[in-house]
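Presented sequentially are two complexes of chain A, the first with chain B as partner and the second with chain C.
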Partner chain A sequence: MEFIHLLSLGDQGWGDEMLRATMVTIMVSISAMCIGLFVSIFGTISKLSKNRLIRAIGNTYTTVVRGIPELLVIYLLYFGFNNAIMSIANSLFGYNQYIELPVFLIAALAVGIISGAYSTEVIRGAFLVVPRGQIEAAKSVGMNRFLVFYRVLIPQVLRYALPGLGNVWQLTLKDTALIMVTGLVEIMRQAHIASGSTYSPFTFYMSAAILYLVLTTASSKALNSAENWANKGVKREKA
Partner chain B sequence: MTTALKIKNLTKSFGSLDVIKGISLTANQGDVICIIGSSGSGKSTLLRCINLLEIPDSGDVWVNEELISMTKNKAGDPCPADYKQVDRIRTKLAMVFQDFNLWTHMTVLQNVIESPIHVQKISKQKAIDRGYDLLKKVGINEKAEQYPSSLSGGQQQRVAIARALAVNPDILLFDEPTSSLDPELVGEVLRVMKSLAKEGRTMIVVTHEMGFAKEVASKVVFLHDGLIEEQGEAKDVFNSPKSERLKKFLASNLEG
Partner chain C sequence: MNIDGICISLPKEYLGLKVQLMCDSLPKLLSGIPLTIELVAISLSIGFILAMCIALMRISGSRLLNIVSRSYVFYFRGTPLLVQIFLIYYGLAQFDLIKESFLWPFFREAYWCGILALTLNTGAYTAEIIRGGLQSVPHGQIESARSMGMSGILLYRRVILPIAFRQALPAYGNEMILMVKGTSLVSTITLMEITGIARHIIAKYWTPVEIFLIAGIIYLFINYLVTRIVRYAENRYTPYLQTNE
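Here is the complex of A and B:
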C-alpha cells in the first residue's frame, strides 16, 4: 500500500502536485486547441485560395508540420522562438542578454501550431464536403457572401468537422506530454520528477496514464453529445 | 405588357468548350417558357447564366427591364459590377434545382423562412405565417417541423418550390425539377408547377417532361449546341416542328 502514501495529498505525498500538473495539462491543451483552431482558419482559407502563392504557403505549413516528428517541431519552435525574440530585442533595442519566454506560452504555441496543421486538414475537408448545390441555393434566394458563409456553410462545416476535430483534440491533449522537454510541469513532467525522487516510476507513470485516460474519456463523452447536437437533421427521425 | 426577362446575345464557354453561342430570349409577364433540348445543348447553363450562378462571357440580361451591370475583373474576366444588385435581383429570380438543394441542417419551415427573415428582413412572425401558407400551397404543411432528410424526393422538391416562392419572386427558374425524382413522384411536383402557371406566374422551365411543356408552356424553345434551333408556341413546336433536329428530338422523346 506504498502507492497510497506516495499519491497522498499534502507535504508527504505527490497527489496534490499531480493534480496541479493535470490542471496545467488541461490549460495547455485548451490553449493549444484554441490557437490551433485560430491558425486553421487561415490555413483553410489559404489552402482553398485561388492564389497559387497563398495556397503554397498553406500547403507548406501542413506538409512540414505533419511531416516531421512532433517532438522536433516543439524543439524547433522552442529554440526558434527564443532566438527570434532575442535577435529582435538585440536589433531593435540593443539588448543582448538571454531572454527566456514564458514556458507556458511557448508550449501552448508549439502544440497549437501542430494541432492547427491537423485542424486545417479537417476543416478544409469539411468545407469541401458541403454540397455546392446548397451554396447555390443560398445565392439563388439573394443571400450575400456573408450570409452564405454564416447561415449555410459554418453550421454544416461544423457538423462535418466535429468528429475530426475530436480526434485533433485527443492528439493535442496527448501531444502536451511532449512539452515536458521545455520544462513545463504538466502531467508527464510531474510524473518524471516524482519517479526520480521516490524511485517508484511505475506508480507515477501509471497514475499519469490514468489521468490522461480520465481526460480523454471525459472529453470524448462531451464530443459525442456535441456531435449529436450538430447532426440534427441528418439522421432520420425515429418513427 | 411589361417584359419580365430579356436576354441578349448571351455567350458562355467553359475553357475551350463553347456551351452558349449567342442566345437572345424574351419573356413577358405570365409567360411559361419551356426550354427543351438534348443533354449538352446548354439548357441548364443558359438558366444559370440568368441568375449569375454562372457568369456569362458576354451578353446582357434584363430583369423587370433592369439591366444587370457587368464589368471585368483584374484578370480581364467578366464579373458583376455590383454584387448588391445581383443579390437583390436574385430574389426576383428564385430558382428550383434538379437536386432540390435544401439546407439539410434546417427544418422544412426554416428552409422556407430563411431568406425572408435574413435577406428581406421581414418580421419573424410574418415570415412564419407566410411560410405555413406556402407549405400548405405545395401540400406539405404537416411536415413543417421535420428535416429534409426525412422527406421523399417529391416532397423535398415541393419544399424547394415553397422556398423559392417565399422570396416573392417575379420569375421562377426551374432547372430540370423532376429529373432526380422517381417516376411515381414526378406527378406531385408537376401538379404544383401547373398550379403556379395557372396563377399567371412567369416561369422559365428547363425540362425533359414533354407532356408538361405541351400542356403548360406559352412558348417552347428548342436548344441545340448552344443556339436556339427553333422556338414558338407549344402547339406549333410539338405538332409541326420545322427543323430536322427538333423532329428527331421529339420523335425520341415523345415515344412510349
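Here is the complex of A and C:
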C-alpha cells in the first residue's frame, strides 16, 4: 500500500500538493470559461452581423481556433503574448529586458480564447433557434429592440445554450491539462513533478485522472440541475 | 521545385516575423504530415471497430456488458487525452510485472503507446456517437423491416446500420477533426509528428511564434480537407438532409 503513503497529506506525501493543484485547475477553468463567455459575446455579435467584413472576422476566429490543436494554440499564445508585450515595452518605453507575464494570466487567456470559440458557436446556434416569428410578434406589440432582446431573446437563448455551454465547460476543464506546458502547477504539472521525484508515475497520473473524473462528474451533475432549473415551466417530451 | 530559391527571395523579416526561417522550415514541418495522418488513420479505424463493440455492448441488454461499456466511456470521456497518454507511456513502466512481460516491447515504444491512447480515446467518443445514431433509428422502420421477415444481422445490415451511420455522420466528422488535433499531444511523448518537429526546430532556433504558426496552418489545412471529405460524404449519403447554404 505504498500509494497511500505517497498520496498522504503533509510533508511526507503529495496529497496536499495534488489538492492545491486541483484548486488551480478549477480557478483556471473558471477564469477561462468567463473569458470565453466574454469573448463569445463579441464572437456571436460579429458572426450574426450584416457587415461582411465583421462576419468574416468572427468566422475566421472560430474556424482557426477550432481547427488548430489546443496545444498549439496554447504554445502560440504563451510565446506570442510574451513576445508582444516585450516588443510593445521595447518600442514604447525602450525597455529591452526579458518580461514574462504571470503564467496564470496567460494560461487563463489561452484556454479562454479556445473556450470562447466553442461558446461562440453554441450561443450563435441558440440565437438562430429562436423562431423569427417571435421576434416579429414582439415588435408588432410595440417592443423596442432592447425589450425584444431582454424579454424574448435572452430567456430562450440561455435555455437553448445551456446544454452546449455545459459541454464547453467540460472541454475547458480538460483543456487546462495542456497548460502544464507553460509551467503552471495545475493537476497535470503537479502529477508530472511528483512522478518525476518518486518514480511512481502510474500512481500520480492515475490520481490526476481520478481528480479530473471527480471534477467532470461533479460539474455534469451541477449542469443537469441547472438545465432542469432553466427548463422548469417548459413542457418537454420525454426523450 | 526548389524551395530554397523561393525562400531567399523573401524578405528576412516581415511584421517582426522571421519570414525566411518560416519558409525554410516549411519542408521539415510538412515531412511530419505522414506520421500525423498515419496516427489518425490507424487510431480512427481501430477505434471505430472498438466503438462498434462498445456501442453494441451498451444496447445488448446484459447488465455486466452495460456496466463495462459505461465505465469505459465514462473514464475516457471524463479525463483529458493528455492524462491517458501519460498514463500509458510513463505510468505503465511503474510495474515490473509489465516490464518483464511480453508486452513490454509494445509499451516501451512511444509510437504504440500513442496509438493505443488515441484509439481508446476515440473509441469512447465514437461509441457514444454510434449509440446516438442507433437510437435515432425510428422504431417504425425496425417494425416494418421485421414485418417483412428481416431479423438479426439482416435487419442490422439493411436497415438499422445504414440509417444510424447517416445520422451519425456529422458528429463523426467532428470526431475526426478532434483526432487530427489530438495527435499533436503525442509530441509530448517524443513522437516526431508535425508538432514534435515544430518543437524540435524551435529548440534549435528559438522562434516559437513563427514555427507554431506554420504548424497551425498545416493542421488547419488538414482539417479543412477532412471537413470537405465529410461534407462530400454527407451530400452523397444524406442529400435529403442537406440545406442549400
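As a convention for this text, the second predicted complex is superposed on the first by the 234 of 239 C-alpha atoms of A that agree within 3 Å, B and C clash if a C-alpha of one lies under 4 Å from a C-alpha of the other, contacts with A are read in each partner's own complex, and residues count from 1 in each chain.
Everything that follows uses one rule, which is that a residue touches a chain if its C-beta (ideal position, glycine included) is under 8 Å from a C-beta of that chain, and two chains touch if they have at least 3 such contacts.
Being a predicted model, the structure only gives us computed values, none of them experimental.
Of the two partner chains placed by superposition, only chain B is touched by A:144; chain C is not. In the superposed model, A:38 makes contact with neither chain B nor chain C.
In the superposition on chain A, contact of A:229 is made with neither chain B nor chain C.
Once the two complexes are laid over each other on the shared chain, residue contacts for A:70 go to chain C alone; chain B is not touched. Once chain A of one complex is fitted onto chain A of the other, the partner contacts of A:152 are limited to chain B, with no touch recorded for chain C. Touched residues of chain A were counted for both chain B and chain C, and C has more of them.
When the shared chain is aligned, no partner comes close enough to touch A:95: not chain B, not chain C. Applying the stated contact rule after C-alpha superposition, one finds that A:133 touches chain B and leaves chain C untouched. No residue of chain A touches both chain B in one complex and chain C in the other. Residues 131, 133-134, 136-145, 147, 151-152, 155-156, 159, 232-237 of chain A are the ones that touch chain B when the two sit in their complex.
Chain A makes touch with chain C in their complex at residues 63-64, 66-73, 75-76, 79-80, 83, 87, 174-175, 177-178, 180-181, 188, 191-192, 195, 199-203, 205-206, 208-209, 212-213, 216-217.
Taken together, the chain B residues at the contact with chain A in this complex read 51, 53, 83-84, 87-88, 90-91, 93-95, 97, 99, 101-107, 114-115, 118-120, 146-150, 160, 163-164, 166-167, 173. Remark: chain C residues 16, 74-75, 77-84, 86-87, 90-95, 177, 180-185, 187-188, 195, 198, 208-209, 212-213, 215-216, 219-220, 223-224 touch chain A in the complex.
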